[in-house]
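The data blocks that follow each hold one structure.
In what follows, subunit A forms one complex with subunit B and a second complex with subunit C.
What follows is the complex of A and B.
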């Protein structure tokens, strides 16, 4: 027993009189307890013990606030009770009823925000994926300056979100922003200075900023996927006379399918939930045309100071995302097993 | 054996992490609590000057003096107006806030209803020199009537019409406009060569809400009826809102870009940099000074009143100002009271109100000749005669946020060239009204 010669916490538990005793005897106490547990159980229990810290943290950091949120959604948590939630009267399903009553002002604006978010998510995920894939494929072969280019592409992702987005918000200002300077004064493409941070264009501004910020993630993951595709496949197909386009369609994209499955799902969840970009870009209150659902829920909770109703909206959002994720995973894995 | 060791380590690690995660709420804010002299207070200041940094600089000498006198250090954070109310609510909900903070005085009753602040009962007010030391109108805007104030006033303000004297002279305008028609006419004369007649903060919820209230009052609109029900979409309020929006939409004396201004300093910058000739604002003394504009370069006049023949109220300002409150969750309450006493003290009142061009809220501070200046007198006159207080009811903040947001959206529509009709204004305000009802 090599282990018993090294001092262990168990050994220190003994009193001073133990000191100088034989190493064998000092190791026996705790060892005996361990011996009482069957070996198989010990083996089986190890993985669970190892992930215990992660589980405890997960419960504390993710699950507990989520449960509190669900609990809040059944309360009439107005300004009179926010200091002492336990005193808030129950609301039953009233908060949910208001949120899904699309004839009311609250429900109608939630529905509008949801529609905006769906459109935004589809476009943003599509663009991020397209840009990421294109860049990853084009940088598959090695060429001079690839490292520099790769670093450059990853810069938006490495920048703190706030710094990047606030810079865009300056660039999108109507009178002093760089975007209008280029569009109107430099290139003369437009005669009149458009607004980017208010009105209909705010959707475009938000989309551009978001895609700029997030596409490097798709690029990074897809690049790793592309690098993993064996060169043999390309060589073999080249001998069979396959061109670049054929290789892309028949080798690269199919080989990337498992990576794509994850990338698209993660991008979808991030985008649908995105709060930082509109919050920083529009300074807290997003215009209607770019009113993503997270910021909408935040705003409507603070607008009426009814945090129960905000929580109810959050729970609905959570349910929706769970549903989409489940359907997506079932659909994509079935397709894969059939392939 | 190895398995057991690993298991022990894993368990210990988990417990340690759990313990440290739970113990996260202590520590910050320098709370030394129970015994001995507390050393540090945290303070959220509102943005009164041209920038957050400028406020830090204006406050610093005072805070240094406070430290010298009491040994208590004050960590100040200047919070922009767009964030302040939400930050206060978040702090109230979580119980994790500063010790002392500034609030817009119109929010007093709303925040009072949350019970987050230490009430200034007579005993506490006595420590600050007693209720009578404070100016009546300012003290009235500190919470619902009949309850001890939730906060005490530190800066008194109201709205005035600032005008650039040089630009007026160049355009041949002799006196500031007195009626609404004169305002439009003057504005048109001044709108030329890339300069504009008037600057507004079109995306600022608080500014928009204040203007909606002031012009609403001119038309005889009240945000809440006698039973406390919201009536944001009354015809009178719609007319008032249209009157304000038309400055940009119809009369074109406001730069459409102003619809983007939302951080509470941009319209002031347009005025102090000479891009706009007029501004309806509270005091801008520190911003003007920072921009190199002297007190003689601009005048302060009352915002035009409506024609008395058309009815409505003779109102052209609101009882604005900044109050100071103590969070109940503060573990430094004695030090916090000490700090509020300092901030309402004569010397501090004189120094800070001079720097900001606002009005002291305590009577004994007025012996300084600085408060006899033309600008200060103009503001005092407005405050004393034609300023109306916003209703001190728990729903006031929601009113500001909902109506202010509706105005933001309307300004955005106007700026993008859409025709905004009375029906559309009414629809927006009705939406705000419904949200208010749904939330309560």
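What follows is the complex of A and C.
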């Protein structure tokens, strides 16, 4: 995922030797130091100066809040203390104990939301990847309408999330929506108009909307990956008599594996953390069956104004994501090194 | 590549269905936006019976859409410009220098991308509110707070993409510039940035889109005067009624700038992804 961790031959000459050495070890004798330090220091300090703004912002907006969030999760941070958090009493592990006590109402609903999110993520990532791969593979080569199709496919991804999701929520309306119009009036598949945005169907509605919005991302990246495969490979295998399926199985899919590794991981993290789709689709609060974990934490934090409990849930979510990511990276890199 | 005879058929069936799946909501959005309110409350019709451009006039009155539009424009532009400027410098350092901490920096920045937004939301909310209380810097409800937050969202991806771009520019170019008397920063400004312009523009568009579409922080961190489009569009649904035709018209209007920008630059985005991700 990191674009370049191996040194490139073209990289600035002479910089490599400085990597390990400490700046103090260079230059001996006062006269030489005076002559050397300004230039050397400037050269040594320059990369740090260049990344300084990025570091400061990452610290301020990501790392500091994360630490504050962990600290908050150990506080009894209820609505009385929001404006003056220094007065909030410590809670020890109470926030965590409530969150994982699955007999309590808080714990039970968190567990249910977690289960829904896992099911949703597996299905959504699978579908997005499948559609993206199918489209990327079939868009190989040139044919009429290719450019138009590519633009069309990418449009939902370019659309602001809320604009696309609002449209779906209109289409899923029970009485005036397009989906029921097709299912009931035009095809007669169903006799009665089902509700899509409440009850069990809301999971399906959420899944369809999400896949519509996000599969173009998989397509975009996989298409870039497919374009990067050298034509020589296909030509050589064609001379050896390999057919289309054989080429797909032996060239295209194996060559896409590094791209797939990134795409699936990114899709997993996005999907698991998705907030926009349920928030806009259901108008603020999601029905139980489509209560993804981010919106669940948001709801339980801003409805009860119990930020301590919300922070504890967020920390648990982070730990889970770290665990899955670590296992995933170890598993995929082991498979790669074995192959 | 040799194609079997069934491939064109398979291609048109699969790509055609995907195209239909993609197109239908866009069609619904466009046609609903030109229907009178009465036509969107009853049964759905594929083809509008009456065409009315009234929704496009009404959207500006029902909610202060122009105000939200300006807010979004300010926040997204400022976040995009700031994010890309910072990313250009960071990416240049990573691409051209080997320095201790380089790897840790890259990994840390990228990994913040994976953290759930909800994890930052509560602490940032608390920090902003309490900063206002203690030292009088009102970040909560201000545009500045939103801009600073948004620019960090696009920063990791921007740095990552630009490192890929800069790597593809031969270092001989900036060495030549340095021989001509420019310092390293001069080489960056005079040689590398012009050569990487397509990538920089693509990243700017990406950062703008990220900020333009953000919902979670916008829903908590803004007040009536700084509200952005992502939240403002909720104004079309009242307790009794949802003005679906106006909602679709407004969705269309707020989508046009970003979709147009994205589609114009999709080629560069693909190039950038190819350079950064696949290598």
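For this structure, a couple of remarks:
Here is the rule we use: the second predicted complex is superposed on the first by the 291 of 339 C-alpha atoms of A that agree within 3 Å, B and C clash if a C-alpha of one lies under 4 Å from a C-alpha of the other, contacts with A are read in each partner's own complex, and residues count from 1 in each chain.
The rule is simple: a contact is a pair of C-beta atoms (placed from the backbone, for glycine too) under 8 Å apart; a residue touches a chain by one contact, two chains touch by 3 or more.
The structure displayed is predicted, hence computed values, not measured ones.
Within the superposed three-chain model, A:57 lies in touch with subunit B and with subunit C [touch as defined at top]. With both structures placed on the common chain, the touch criterion links A:269 to subunit C but leaves subunit B unconnected. Of the two partner chains placed by the overlay, only subunit B lies in contact with A:78; subunit C stays clear of it.
In the superposition on chain A, A:325 makes contact with subunit C only, not with subunit B.
Of the two partner chains, subunit B is the only one touched by A:195; subunit C is not. In the superposition on chain A, contact of A:134 is made with subunit C only, not with subunit B. Of the two partner chains placed by superposition, subunit B and subunit C are both touched by A:46. Once the two structures are superposed, subunit B and subunit C can be ranked by residues of subunit A touched, with C on top. Contacts of A:224 after superposition: subunit C is touched, whereas subunit B is not reached. In the overlay built on the shared chain, the residue A:303 is in contact with subunit B alone; subunit C does not reach it.
Comparing which residues of subunit A touch subunit B with which touch subunit C, the overlap comprises 1, 3, 8, 46, 50, 53, 57, 60-61, 82-84, 173, 175, 283, 302, 307. By the touch criterion stated above, subunit A contacts subunit C in their complex at residues 1-5, 7-8, 10-12, 15-16, 18-20, 44, 46-48, 50-51, 53-55, 57-58, 60-66, 68-69, 72, 77, 82-85, 131, 134-135, 138-141, 143, 149-164, 166-168, 170-171, 173, 175-178, 180-181, 185, 212, 216, 220-221, 223-225, 227-228, 231, 234, 238, 243-244, 247, 258-259, 262, 269, 272-273, 275-276, 279-280, 283, 294, 297-298, 301-302, 307, 310-311, 314-315, 317-318, 321, 325. Within the complex, the subunit A residues that touch subunit B are 1, 3, 8-9, 30-31, 34, 42-43, 45-46, 49-50, 52-53, 56-57, 60-61, 78-80, 82-84, 98, 104-106, 109, 173-175, 195, 197-200, 283-285, 287-288, 299-300, 302-307, 309.
Touching subunit A in their complex are the following residues of subunit C: 1-4, 7-8, 10-11, 14-15, 18-19, 21-26, 28-29, 32, 40-44, 46, 86-87, 89-90, 92-103, 105-110, 112-127, 129-130, 133, 148-149, 151-152, 155, 159-160, 163-164, 167, 170-172, 175, 184-185, 209, 212-213, 215-216, 219-220, 229-230, 233-234, 237, 244, 247-248, 251-252, 254-255, 258-259, 262-263, 266, 269-270, 273-274, 276-279. On the subunit B side of its complex with subunit A, the touching residues are 1-8, 10-11, 13-14, 17-18, 21, 82-83, 85-86, 89, 92-93, 95, 110, 113-116, 203, 205, 255-257, 259-260, 262-263, 328, 394, 397-398, 401-402, 405, 408-409, 411-413, 415-416, 430-432, 434-436, 438-440.
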